[in-house]
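Chain nomenclature is as follows: A, B, C, D, E, F and G, assigned in order of appearance, with residue numbering initiated at 1 for each chain independently.
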């Protein structure tokens, strides 16, 4: 998941998500970077709406006690 | 290739030079297989990709020679073999891969090829009137018969399994039925950009999956922040709510008479009483419970 | 409902649920006690798992969001 | 919950909820009474419409949640 | 609710929940402390598994799903 | 959660949520205070409507008995 | 959230979560680092089982009951 977290740092900081940006972050973390994965991620982001993906998460966390039986 | 004997003909040298030019001048290069692609489809592919992708069909040996002359391309060697073409483009590997995938069309099996898939023919009517086609279908192993003036397939059968050689009779029967069980076109073996090798596994991006990873990553980050009580704008409200709920839960479950929890405490006591009462016979209940 | 609450007091205080116990409580509350009902109650409760019944009550009511699904 | 049950006995029996009332009930049940808790409870109940709180509870208890939309 | 929060601070910090502890916290917060309430709180929490009580969703009084047929 | 509880004590007591206030409470509780966390807390809470957040919490708990097995 | 993501990169890469580690990552991302926030995070994470904390649904906060009429 490091690659995704790195992209999220850039997103969260309002920066553009670029190959160089992700690489720099991962290298700073001491992670050995796989260039093809970085490229694949950045390329995939063309079709991924991060804001929406995050939105889904907050939903999942937040509401929906619905099905959850009390302990 | 030690097998090369004597001087390489001039026209072949020209091909090698051309390949080297492509490698030098394009962002992404690669090797694709086009085994089984009919000439007509190949022409169509060339026509459609003309402005985006250079496609050069030359012998493996020539590609190999071109590769050998530039060290950074060495790793492409293992992807040679069979009927391959060399591609070059200024698209990034992911876009190029998508374009190449688009060239694939449903196609019939050819006589004597090894089928990559199981081919199942469903039972049901065909569009053929009685005639010699009946014999062709039967020769291909299909349970064909005449019913109500039409040729029908009486049972669902698997005519060839993945890995089996397709008998010419079977290929003919399938083509009569216009069954196209395989997709043929330019099949990416490898792409390379700036020395980085991309296999089809790297290139086939599942947008849903990536989106899911972002959801998961955010959820995990939020969980971590909340569960470690790290207060940031994203968690502040959640943590306040959680702290309040913890306090309220404690108050209710321990029967602490604080104002915020009193209605719940009373409700809890009442519903407990009702739960017990629901298990009791009438004679154990007082009037207000019987009402 | 006083009768059942009386039983719950005994249960909650870790005491045995007896006719005398319930009568004592109700009398202390100034309630005119119906002996037959007390007998019926104590006898019926012999077969009831009070802890479980209470637990179920809170179940039905309290849908525990706590358990909200991890994504 | 003994203290709360005791208060509800008084309420259910149509009596006023007083410190003495609750104490008497709990003592009759053999419970060692903590005066502070009695005081706290009576004081907390002063401004509460018990009937209403119970009413709401019975709603909540009523099963039929089937219809409650999960978010 | 301050009193409960105070108890939760002690719990969360791994300290024992004592009258002195709660008083100290409330005083530090500038709250005029009611000794009886502190006593009542500590006594009520004596036999309570706080971790469990925190997690266990309290009771749903509120929403009474319109659609739910009252029992 | 100590830090958050401390903020809620102040809120609940009608006091302003300040770094000093939170520090005083935590110190009274015998907690070794991390100044950075206090700062982060106060700063993050600046933009939060606490009353609303609490409101939401009561909502979240309450509703959705949906899947809860009726007793 | 950048700070949390940075911590998760370190965790995910099997590194220790340190102030320096987080700072290095954020700086590589071109984020202006707030030392207090880094300190607060590292301190908050100190006694936390990160694997567990990541998986445990954080809490059901808000909306859910949209449809459930509050009483």
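Just so it is clear, contacts are C-beta pairs under 8 Å (C-beta built on N, C-alpha and C of every residue); 3 or more make two chains touch, one makes a residue touch a chain.
Just so it is clear, the structure is predicted and the values come from calculations on it, not from any experiment.
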Exercise for the section: Work out, leaving chain F out and holding the others fixed, how the remaining chains group together by touching. Expected result: one piece
Handout entry: Taking each chain's C-alpha mean as its centre, the one farthest from chain C
Key = B
Practice task
Would you kindly tell me how far, in whole Å, the mean C-alpha position of chain D lies from that of chain C?
Solution key: 13
Problem - Centre distance in Å when chain B and chain F are each reduced to the mean of their C-alpha atoms - result: 47
Practice task
Averaged over CA atoms, how far is the centre of chain F from the centre of chain G? Could you give it in whole Å?
Solution key: 18
Exercise for the section: Quick one: which residues in chain G touch 2 or more of the other chains? Expected result: 1, 5, 8, 37, 40, 44, 55-65, 68, 70-71
Problem - In chain B, residues with contacts to at least two other chains - result: 215-223, 226, 229-232, 235, 237-238, 241-248, 255, 257-259, 263, 265, 267-269, 271-275, 288
Fill in the blank from the handout: So, in the complex, the side of chain B touching chain F is made of residues 229-233, 235-248, 271, 275, 278
Completion exercise
Interface with chain C, chain D side, in the complex: residues 1-2, 5-6, 8-10, 12-13, 15, 21, 24-31, 57, 60-61, 63, 65
Fill in the blank from the handout: So, in the complex, the side of chain D touching chain B is made of residues 1, 3-5, 8, 12, 37, 40-41, 43-45, 47-48, 50, 52-54, 56-58, 60-61
Exercise for the section: Could you please specify the touching residues of chain B with respect to chain A in the complex? Expected result: 92-95, 193, 196-198, 202-203, 205, 207, 210-223, 226, 238
Practice task
Could you pull out which chain F residues touch chain G in their complex?
Solution key: 34-37, 39-40, 53, 56-57, 59-64
